[in-house]
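Below is one structure; the comments refer to it alone.
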Amino acid sequence: MKRHLLSTEDLSRDDALLVLDTAERMARVAEASVRKLPTLRGRTVVNLFFEDSTRTRTSFEVAAKRLSADVINFSARGSSVSKGESLKDTAQTLEAMGADAVVCRHSASGAPHRLATWVRGSVVNAGDGTHEHPTQALLDAFTMRRRLGRVDGLAVTIVGDVLHSRVARSNVWLLTTLGASVTVVAPPTLLPLGVSSWPVEVSYDLDAVLPKSDVVMMLRVQRERMSAAFFPTEREYSRRYGLDVDRAARLADHALVMHPGPMVRGMEISSQVADSARSTVVEQVANGVSVRMAVLYLLLGGSGETT
Amino acid sequence: MAVSAAGDPASRRPGVARTVLSADDITRIVSRMAHQILEKTSGGAGVALLGIPTRGVPLAHRLARRVHAVEGVELPVGSLDPTMYRDDLRLRGVRPLEVTEIPDGGVDGQVVILVDDVLYSGRTVRAALDALAAYGRPRAVQLAVLVDRGHRELPIRADYVGKNMPTSRRESVAVRLREIDGADGVVILPPASAGDAPPNDGPPADGDQVTGDEAGERA
Amino acid sequence: MSGETVAPANTAGSGHTAGSGHTAGSGNGRGQGGSWVLRRVRPLGGDPVDVLLTDGIVGAWRPAGSTSPDSEGLPPGTTILDTDGLILLPGLVDLHTHLREPGREDAETVESGTRAAALGGYTTVFAMANTTPVADTAGVVEQVWRLGLDAGHCDVRPVGAVTVGLAGQRLAELGAMADSAAGVRVFSDDGHCVSDALLMRRALEYVKAFDGVVAQHAEEPRLTAGAQMNEGEVAARLGLPGWPAVAEEAIIARDALLAGHVGSRLHVCHVSTAGSVDLIRWAKAKGWQVTAEVTPHHLLLTDDLVSSFDPVFKVNPPLRSARDVEALREGLADGTIDCVATDHAPHALEDKETEWAAARPGMLGLETALSVVMETMVVGGHLDWAGVARRMALAPARIGGLPCTAGDPGSSLAVGAPATVTLLDPSPRRVVDADALASRSRNTPYAGRSLPGAVRATFLRGRPTVLDGKVV
């Protein structure tokens, strides 16, 4: 694997499968009576979060600790220095602390790429702006594989604010690399203009796509988008693109409903659907730890003193 | 990604490989070891066999089959991947993880026999002992190896040894098994020629494929 | 390039200098610059001749190689430069330079910026108004103009702001700036668009009184709120908010209609899209007084470079697609786009060593412009050297209202024309080294890239500002 995990776009099929296979082994660890592994003893993993995300940060923290790494939570939010200065300064601080891996969440697309040019350790992108969130996509693929036995050949539909979604971008590249066929569904305002160059189908009609889907992945839609005229009202959005019980009934029996969280219940997904048997929302959280353990193991397991 | 398993060492080495055990030799040795296990464990009561991937696993299954043939008992067989307990990951580079499959009865109170193909530095076995502890507390742990090539770095010794095989550290020992390699046999590969690999500064490693030289290369 | 000095009186041939350009005798001070023979130089890339520069003008053309230290008619102290194979061009004029002084002297000063300009072959730069304080009064433009005089590397013509503080609310005192010692003729809120249609109309009309021109940074602000790069496939992939071509084109269309309506001159800054080229072609066909510039970087670089997230590629307007680049080259070749302007925009390291969104937009350009134009336009056969002279010297001078502007490239180098010239060695290719640039900043997008050509000398009214590729 490369030194950093910055995006799924440049992740090869072999590397992606290696992460998923390793995550499968890591998941087994949870079944042992002692869950902690000594693998990364003496390594330091820094959680560098410029944006609040308790879920993702905790998931990485649990993963690192299960592998016996030392974890430092470095919350850089609310720093008074200008954004840019603080990123470079922080990188230098992390260098001085001897971080072996930096898990970076940032509101600016590409921030982890910049960080990777300034630190010696591995950088894991834990979500950058509206660009990518590779470990989320890996855990989504992992969840599909555990539930449906494969990713290759699946019809996956991604619904919602694709324009602003790093989860959508990472999933589009990863799932197509793994052989799934992906359809994105959204109001045209919430699709990037360049979506035509993506290896996906585009649809504005959720009802037409649902019966053909093995997996439907609902994205969070922020209410703020309304004020920028992306759609007229919450009600209209929900009516056209929300997944409620009636719509979910169009799905095949085996089809999964996924959501990267946090959900806006009643907006893009109804509570009944979110809590139904076909929903993988809770599993996704558990699988997140296994996938992040795998990523940390593969990036850090063999690194260190070189001869 | 530097995480692929090492290829067949023979295909990467110049010089002549020396066959030291034939397929028939291995069959006879496995048979003898099965008898020794039965003898030492009073008929195999409460014994579980855990193979260390990759080639320890088929060996464990072969031993179980021989034991069944001789005595009619079915020993539970599983696998135990010690990779994440290794203390030399940094030196050897990250490796893909193998399957750990603990038999249904678990390991608590059992006599667990770890099975591996080659015993060398002892570090794999040490890691396996740690890995095993995560799954329970066996009554006793024993070790069975097809080949003991010496050069131990830890106070570890096998309870059942198929063949003691003194070697140079510069040589490597390759065990081939039908289930994985298509045919049985044990060969000693000559030292890599100068320039092909750095001098062996790294620790030797046990295991079917990875040799001391490779540990040096991968560090 | 080596030089020999013609000694005073009859001792010709005995004095050799290393082309330092420092010649004794005849009382030629800094303002006049002595006499120089450019031996075997190729005016506009044509046949070699010996060109005599004396008394600040082109004094004579002689047969190639005919001039030696003891040739007749050479003023005492004449330096003969071996310029065999070098291409002689009129001194380059940049309509769009950010010199950053006053206010951001850490990024660039008038001295360092004009030094870079001279090294790039420029003899005049128009200094943009977005300084701190903004160049929206006669006082500030005169200060910048005087700093230029003091530095002496090239002429500095300040651009005046169209609106007070570049705020787009009310007109700055355009007339006062025009009447000042700086003699401002170009007005621009560059960095900001004069987006209010009525205010733009008034500015276009008002500057007619002193033959001024409004240079518009065409960017509809509502369509580019938060924009980070060209809207298109790359932006979709990188998750960076898009800067759509239509935001530029909508303003160009509107401004062209306004300029046609009120009969004023409009100049469009840094045209970056294929659609803009079409609109300008259309406006010119209507007979309206619309001119346009393109930057070297928009002629060469495309938005896929943003994939690195390295803010050295962040610029406004943003790098566009390969299709746009092709249209810009064609537009410049056929004269739809009148000139090349650098938009030289130095930025301190801390404004570029950041995440993409936090970085300031802008690229260095002065020291690489001629090489980039050579690479994109000359090497590819779009332009000959006369065409380059038009696009990089004559047209920008005319648009900027410089006095005594020659009508065609030939006459700009003819006997009697000002000895304001640039000598380019077209043969070498060099790898751009950001640390070797004269600018105070390092934000060149060409670092590590190989470009053709090297400016060997620049003369400003007969006085060398650059010799042997070094500032005099």
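Letters A, B and C name the chains as they come in the text, with residue numbers starting at 1 for each one.
Convention: contacts are C-beta pairs under 8 Å (C-beta built on N, C-alpha and C of every residue); 3 or more make two chains touch, one makes a residue touch a chain.
As the structure is a computational prediction, the values presented were derived from the model and not from experiment.
Colleague: Given which chains touch which, is the overall layout a line, a ring, a star, complete, or other?
Modeller: Drawn as a graph, the chains make an open path, so a line.
Colleague: Taking each chain's centre as the mean of its C-alpha atoms, which one lies nearest the mean of all protein C-alpha atoms here?
Modeller: Closest chain centre to the overall C-alpha centroid: A.
Colleague: Go ahead and note the Å separation of the Cα centroids belonging to subunit A and subunit C.
Modeller: Distance between chain centres: 47 Å.
Colleague: From the mean C-alpha coordinate of subunit B to that of subunit C, what's the distance rounded to whole Å?
Modeller: 73
Colleague: On a C-alpha centroid basis, what's the spacing between subunit A and subunit B, in Å?
Modeller: Spacing between the chain centres: roughly 39 Å.
Colleague: Could you please specify the touching residues of subunit A with respect to subunit B in the complex?
Modeller: 1-2, 14-15, 18, 21-22, 25-26, 28-29, 32-35, 37-39, 67, 297-298, 300-307
Colleague: In the complex, go through subunit B and note every residue touching subunit A.
Modeller: 1-3, 81, 84-86, 89-100, 130, 133-136, 198, 201-202, 216, 218-219
Colleague: In their complex, what parts of subunit A are in touch with subunit C?
Modeller: Result: residues 9, 82-85, 87-88, 106, 108-111, 113-114, 128-132, 166, 169, 192-198 of subunit A touch subunit C.
Colleague: How about subunit C: which of its residues touch subunit A in the complex?
Modeller: Contact set of subunit C toward subunit A: 228, 231-242, 244, 308-310, 350-351, 353-359.
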